[in-house]
Amino acid sequence: MTGSSEDLLRWIPLLPLMAAVYHGVMLGLVRRPTPRWVTWLLSCGSVGLSFLAACYAMSELVKLPEGSRLLIDNLYTWVGAGVGSQAFSAEMAFAMDPISAVLTLIVTGVGFLIHVYSIGYMEDDQREDKGFQRFFCYLNLFTFSMLVLVLADNLLLMFVGWEGVGLCSYLLIGFWYADRFNAYCGSKAFIVNRIGDFGFLLGIFLLFTHFAEAGAPSVAFTDMKQNIALLANASIAVPAWMPFGPEWPVLDVAALCFFLGACGKSAQLPLYVWLPDAMAGPTPVSALIHAATMVTAGVYMICRLSFVYTLAPDASAVVAWTGALTAIFAASIAIAQTDIKKVLAYSTVSQLGYMVMAAGCGGYTAAMFHLGTHAFFKALLFLGAGAVILAMHHEQDIEKMGGLRNRVPRTHWVFLIGVLAIAGFPGFSGFFSKDEVLLSVFTSHVPGTRWLHGIGLVTAGITSFYMFRLYFRTFWGECRAHKEVRDHLQDPPRVVMNPLYVLAFFSIVAGFVGLPQAYGGWVQNFGVEDSNSFANFLRPVLPAIEPHGLSHATEYGLAAIAVGAATLGGLLAWFLYVRRPELPARIAASLAGFHHTLLNKYWVDEIYDALIVRPLVRVSDRVLFRGVDAGLIDGAAVNGTARIVRGFASHGLKYAQSGLAQSYIFFMIVGAAALVGYLVR
Amino acid sequence: MSAPVVLFYAFAALAIISALGMVLNVRNTVASALSLVVTMVSLAGIYVLMEAHIVAAFQIMVYGGAIVVLFLFVVMLLNLRHDEFPPARQRALKLAGAGLALLVLVELLRVLSVDVPEAPPLPEGFGGYAQLGIALYTDYVLLVEVAGLLLLAAIVGALILAKRRID
Amino acid sequence: MIKPPILDLSVLAPIGFVAIGAMLVLIGEVLLSRRKTFLGREVTEAWIGSVLAMIAMFWLVLSLYVACVTFAAGTSSVFNPDHPMIQLDPFAALVTAVLALGALLSCALAIGYLAELRINHGEFYALILLSTSGMMLMVASIDMLTLFLGLELMSIPIYVLAGFDRRKLRSNESALKYFIIGSFASALLLYGMALLYGASGSTSFAAIGAALDASNSMAMIGLGLVLVGFAFKISAVPFHQWTPDVYEGAPSVVTAFMSVTVKVTAFATLLRMLTLAFGGTEETLSHVFWVLAALTIVVGNVMAVIQDNIKRLLAYSSIAHAGYLLIGFVTGTIAGYSAVMFYLVAYLFMNLGAFGVVVTLANHGQEFERMDSLAGLARRRPGLAAVMTLFMVSLAGIPGTVGFIAKFGLFAAAVNAGYVGLTILGVLMSVVSVYYYLRVPVLMYMHEPTMESETLGVSTGEGVVLAFCAVGVLFFGFFPNGDNLHLLDWARDSVRFLFGA
Amino acid sequence: MGELIDAHLLSMITFFPLGVGVLLLLSSGLSALVGGEGLPDPLWRALGFATTVITFLFSLRLFAAFTATETAYQFVEHAPWISDYGVNYFVGIDGISLMMVVMTTFLMPIALAASWTDIAKSVKSYVFFMLFLETGMLGAFVSLNLFQFYVFWEVMLIPMYFIIGIWGGPRRVYAAVKFFLFTMFGSLLMLVAILVVYYLSYQQTGVLGFDLVAPPGSDAPSLMDTLIPLTGQAVWWKTQFWLFAAFALAFAIKVPMVPFHTWLPDAHVEAPTAGSVILAGVLLKMGTYGFLRFGITLFPNASVELTPLLIGLALVGIVYGSLVAMVQGDIKKLVAYSSVAHLGFVMLGIFAFNVQGMTGGVLQMVNHGISTGALFLLVGMLYERRHTRMIEDFGGVAKPMPVYAACFGIVVMSSIGLPLLNGFVGEFLILLGTFLVYPLAAVIATSGVVLAAAYMLWMFRRVMFGPVEHPENRKLIDLGLREKLVMVTIIVPMFWIGLYPDPLLRRIEPAVIEIQRVMEARRVMPESQAAAEPVRAAAVWAPEARP
Amino acid sequence: MVPLDHVIGLSAVLFVIGILGVATRRNLIVILMSIELMLNAANLAFVGFNRIWPVVDGVAHLDGQIFVLIVITVAAAEVAVGLGIVISLFRNRDSVNVEEVSLLKW
């Protein structure tokens, strides 16, 4: 492999980092705020450059022969300790193979667009004089961490990015920290993610330990992939009373550990709770971090570790089912939400559930495919929503919108594209990726795969329903906004709109890179033997779904059902919110309980609070701190001893010292008698 | 039972009685002092019976002649022929002490009665002036010197403590 | 016919010099106090006092010098070969030197103090010297006659000194208690001696040692009573109760003097008796000492916790230290005994220093007693506070001070002899001791001054003494066996001599 | 000159601070004698600071000259001190001591600089005590003679005691005395154990000695050659179990391990900023260092035997410390309890008895020194401005003091072990090492990572974010130049260790491996043979001779 | 011939009586006297024992009697000082009751 392209890799993450560091130093050590144009030029420039670098690296990668598409740029040994068969060593090294290549492109590309978008979006944010620079500092830092996560060549480095993006999302969610709620959401996101990281760490330990036992101690992906067979039937001994005891297969346990991490990042049940709250951050953040890139890290990780999951069927089943349940659960919540960003947030959760389900079913390619398309259209939707919010002067409640379609026409059109894409209408990217996902689910051997497929379909219907609901409520009907708002309604400036156009374009065409044979047969006329170039590209690194024996007819049928579900949902939305706008209220009234439940997201937050948080705090305070620490140890043991000594003196011995010479003499006589008595015996 | 023995027991009885008298007479200090004299004298008698003539002489001279007189002198000086004190404190303690002392006494007597060997015949002039004098100024000359120092210290001390002029 | 004894007067030299000093002081006072002027300068009481102190100190230095020379020579000689009663050997010489030093420092302390308390009588120095001579006699004696005589010669002046501040009730009381209990104790001691004499037919330690065995119960009673007598002097529980009262009531400088020298004497003499006279019974004795040590350590430390009078606190602490010293006796090994010797020297420095500070702080005829009047001392008298802290730290046995080396030696010896239980008790109790020793620096450094008394300077004598003690504490703390001053070796050699090793 | 310095580098580093301190003291003492005022306070402060900086430069020289691959002790100096007791002046360092020394000398100037303004009362003694303290700590870290170690170990208490007691908060006296007594309690029992070991070694070799190892170029018997009987081979107080228990108690109190930790919150809360920095940064490491250098090497069997207990206590410490920290209202107290948790990690690593764990443990000692030190600095800065440390008195501080908030943020992140900051590497290695031997323990400990994030971020949020409610917070001034410099100085190593820990790991690892080797060697010793017969060979003098 | 064991017994009796006096009487003067009594008891013992050991390896041995002489001297000195103390105390508090002398305690 050529040196140049390899050394190139390091610059992909480093460029944004340098920008971030520059901003940081400026913020910290220079009192005078940096001019805004310098700020955005640096940030966008660095990300743009790293996008170009990524493209170049991609081209280098493609040049390589199919089997050996891997670029590694090793900087230095980061952490090395231990000897012999337990020698642990993690390199500071970046590796690019097809999967990471895809995600790198998405991250840098979409990232770049969103950076540009942010210029306009943050323009009018005057809450603090340095806020603008601070925002871009965080944004660059995030890009860096995300790229480290993607390009890491070993688990530990991946974990670095993993935590890094968590930190950045914490910072960005709480960007407007002066509002107590934002700060709360920030720390909530970080802590919930930490719970996931807990799993991730354990996974690393578990794999390393057993690889070490097997004589191949390493956490580098390539080595692990080679030696994974060694662990195929390794197992952990656990007490017999434990479920599934007395022996747990290592890989399953490890897979579950990592999946816990994935749940944290990709907002799966039961750890999804942070994502909706994450909408407290500025909209570009929601678009970049909480829709396009970071939240997909979990899915990416599962695909990265696909060699583990393929050997861990039980764990995979858990993954698949968790994904499915998350998908429908979140979708159901989304129905009742009225905050435009909340709706999108829950849709994100549900879409992530889709991807996770696919991954669990072994459809890694499908998962990655949907990940890619989703990145485009969800970013589009968020940015569109952002545009709307800008236009509405930071009003997010769709109940106060409506009828915007001819007031902000451009925004309206791009938003519609996004909606169609996510709803999976034929021709749009979402259609193909969703199709792939459902197909992989349909053909997988996960227990209850039919059910999964069913859930997928229903979710597709619901998705399309609430997306159209959102669309209609926002852009159709008569405008419910205040008068003065209504009068100033207009499309946002260019710098905001242009990224939208680009994204809209990709939301339409992105699907065609992964054109299934069933539809893409015709391309053979043009000499391409397989239309699904995406799958081809990933095939060497991802275990492909075994060629299903389904006839094209079946495929068409499945696709038709999916599309039908989507259409049904759309029509229902149209009926309810355009044709008979008074109905929803009545339905809500008749199903008050259910509606209320949905409105309050099944009270999950409240339940967690009551079951975990409060008890923990109370016990720590009342029992541990006041009881054990202050009461038992200090009060009883320590000061108790002091009291005993003191009391022994001041209530006992003291009175022997009565000051009367003769009592002293008495004690002397006693002593003498005792002594003499002992001596004589 | 030979004469010395009889005399001894007489003296012993006298000594004990007068000693008890000294300790038990809580009314009259002078009486206590006088009974102390009696004890001293009777002890001197016993010394004589044991051929310790010099010691006996000193006993009478110093104790009877000097020390007890000093006592009496002080009693007169401070004018405490009769001492009426407020009721005693820590009675129980004292009683216990007394009881214990008696116990010790019994024990002592038991032990001592067995361990004392028989008295050998005495050499010529034992305890006589010559012997004692020579011993004091040859073997024990150091003691004489130091005794002088001791008395000096006592004099100085007594002066310091008791002289009227408080400066 | 009478043959004149061949006397070796050099043996008497240390004692003799001190005695001579005493008499000269007395004469000098008489001479000086009647004249108005001397060599042209007008005679004040303070001047007289310092002159007499100078005389006393001069003779003490002489005796110190002689003792050192004798120790260096390593020879041992008896006063009267026909009838040896005192013997000046390296052991006696070392202890004598220590005693002379103690007396010297006390005299130096006294100069300013007596004037300050307006009890500036020359007799003070005479009595100190006489008592010192008695101590020297005790440590040199190998016969109960001289021992008893020395004991009385030591005690009687101290009875007087305790009551030296006649106008103060507390001083009277302390003198009285000390006298009654003291003479009671010495009566017990005497009776014990009588029994020992009865058992052995001689008053010399050697003969007693030969005759003594556990089966002879008269001898054992005698032994017991003698031990009681000494236990009183070293204030071992339960014979300790006089100590706090007497130390508190007596004038501070006297307390300083007696708390050090008397203890040194008693321990040294006991050491000699244990090796010479009571050699046969050490198994039994070590049990006795075990109990005494344990009781003493516990009671001393625990009682000190609740004191709010600095002198009383130091009294109890000295009781506790007696307990630690007894550990050395428990072991009955060379290591233990030499540790005791070292400890005694260390104790001289730290305790004399601590009391020296108390002495220094007395002013306007008032003793310095209340703990809480130490508050904020560091602000007013930083130097004084610093040395006081040093002495407290040393008494507590924190490393870097001589106190630690001393304690270390004792504990090491105890462990070597297998008395771990006692050692553990000892260290636990010294945790307690740390608590009350630390209260002093706490008050001096961490509290604001309660009453802003004017700061009067430290008199030269006091300054010298404190500096000397402080230096001693630090120097021996770091170099207990320095190039020129091998204190450890000295202690051990003297003890080994005692064992005839 | 240069080679002279190199020959006595350790002694230089150790005694230079105290030397200067004493000189300063003498100067003012002399000027007091002639009635002068002595040097002015600012000069004292400056000189003290310069001294610590110079010491730090010396220690950098040490770091550079240290041979990473060498397992034996380096820069050894050996000279007789108290020959009767076999006490020698014996210093030398391996990788572990090196880390401790460098960390100490690094934190010292920072502490002084941080307390530049907030120590107004009796500056002279303050400077002196700080210098005194530095010598005490360094001495303990370089001592290879058990007696000498004990001396430094205790001497160190005195300056700390005064620093807490004189310049501390309202309950300073209670805190100071408690601190002193706790430590004394443990260390005096340790003294007894030391004496027993001393006695055993004498019994077996006939030579009185406290040297931990034989000085280079001599095969004199040392404590490391001493057989220490196992339970059942001798009376209870001679057995490894009890001796180790005594050592462990002393060290555990210092660490502090639950349940001996209650002195720590009090001491921290009352101590002045600099005091807390040093206390957390260095003094706590004494305990863990003691375990590494003396505890486990002298009594390998017992330490292995007691590992479950200690691991358990460490876990309790981690979880318990975190939970209690979570509910503190006082920031300083919170940090104090977080120290309990962090040191729990260190103990966990040490008692994993494998390279990762122990290396991580040592590294974590350094990390905790830096991070927690920095935390205390920051709290101190806030306290200096507002004279309160209660969380509810703050809120929205990030608004008036953005730079401060940024520094605080970075430090918090390093303290909760964010990757690429120092905390992570140590924690990871510890957990990895633990997982290799006690997976379950590692799982529990890892949950501590989550809790750490919980309490730290909760505190951070309540202090920094939200609206500014208390008006007096609105006009808080941001960090000044001095404070910025201090923070930069202490934050840079965080990133350095986080990004490139190799130079440290490379130096630590051989020492750790050597310790394990010694442990193994000594472990087989007592089992192979019961305590040997007394040899009474070349005894200087027989301490157990009876008359 | 005087029965020596009874001599010793007598001394013991006197000794204990002395102890009783010291331990129970409140009059300082009497306490001093009791101490004297104790010393006398010791003297008696010495003389008696000297009667038992008149000769040690051939030569007459007078340790006991010498001791008695010394004790008598000491006694004189003690009494002098003791009475001095009593007087100075009496001057200050006008009483010889030992139980009123308890300022210093605890």
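By letter and in written order, the chains are A, B, C, D and E; residue numbering begins at 1 in each of them.
One rule holds in what follows: a contact is a pair of C-beta atoms (placed from the backbone, for glycine too) under 8 Å apart; a residue touches a chain by one contact, two chains touch by 3 or more.
Predicted, not measured: the structure shown is a model, and the values here were computed from it.
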Steps needed, at fewest, to go from chain D to chain E via touching chains: 2
Chain separated most widely from chain A, comparing mean CA positions: B
A-E compared against B-E, more contacting pairs: B-E
Centroid comparison with chain D (C-alpha atoms), farthest chain: B
Closest chain to the centre of mass proxy, which here is the mean CA position: D
Centroid distance [mean C-alpha coordinates] between chain C and chain B, Å: 31
Computed distance of Cα centres, chain D from chain C, in Å: 42
Distance between chain centroids, defined by C-alpha means - chain A, chain C (Å): 80
Per-residue multi-chain contacts in chain A, two or more chains: 654, 657-663, 665-666, 669-670, 672, 676, 680
Junction residues of chain C, two or more chains touched: 145, 149, 152, 156, 159-160, 163, 166-167, 175-177, 180, 184, 188, 198, 217, 221, 244-245, 306, 435
Contacts with 2+ other chains: residues of chain E: 8, 15, 18-19, 22-24, 26, 48, 52, 66, 70, 74, 77-78, 81, 84-86, 88, 98-99, 101-106
Chains that touch, pairwise: A-B, A-C, A-D, A-E, B-C, B-E, C-D, C-E
Residues of chain D touching chain C in the complex: 29, 32, 82-85, 150-152, 154-155, 157-158, 161-162, 165-166, 172-173, 176-177, 180-181, 184-185, 188-189, 191-192, 195-196, 198-199, 202, 237, 541-547
Chain E partner contacts - residues on chain C that touch it in the complex: 144-145, 148-149, 152, 156, 159-160, 163, 166-167, 169-170, 172-177, 179-180, 183-184, 187-188, 190-191, 193-195, 197-198, 201-203, 244-246, 248-249, 306
Complex contact set, residues of chain C against chain A: 176-177, 180-181, 184-185, 188, 217, 220-221, 223-225, 227-228, 231-232, 238-239, 241-242, 244-245, 284, 287-288, 299, 302-303, 305-306, 432, 435
Chain A residues touching chain B - in the complex, by the definition given at the top: 658, 660, 662-663, 665-666, 669-670, 672-673, 676-677, 680
Chain A to chain E touching residues, read off their complex: 654, 657-662, 665-666, 669
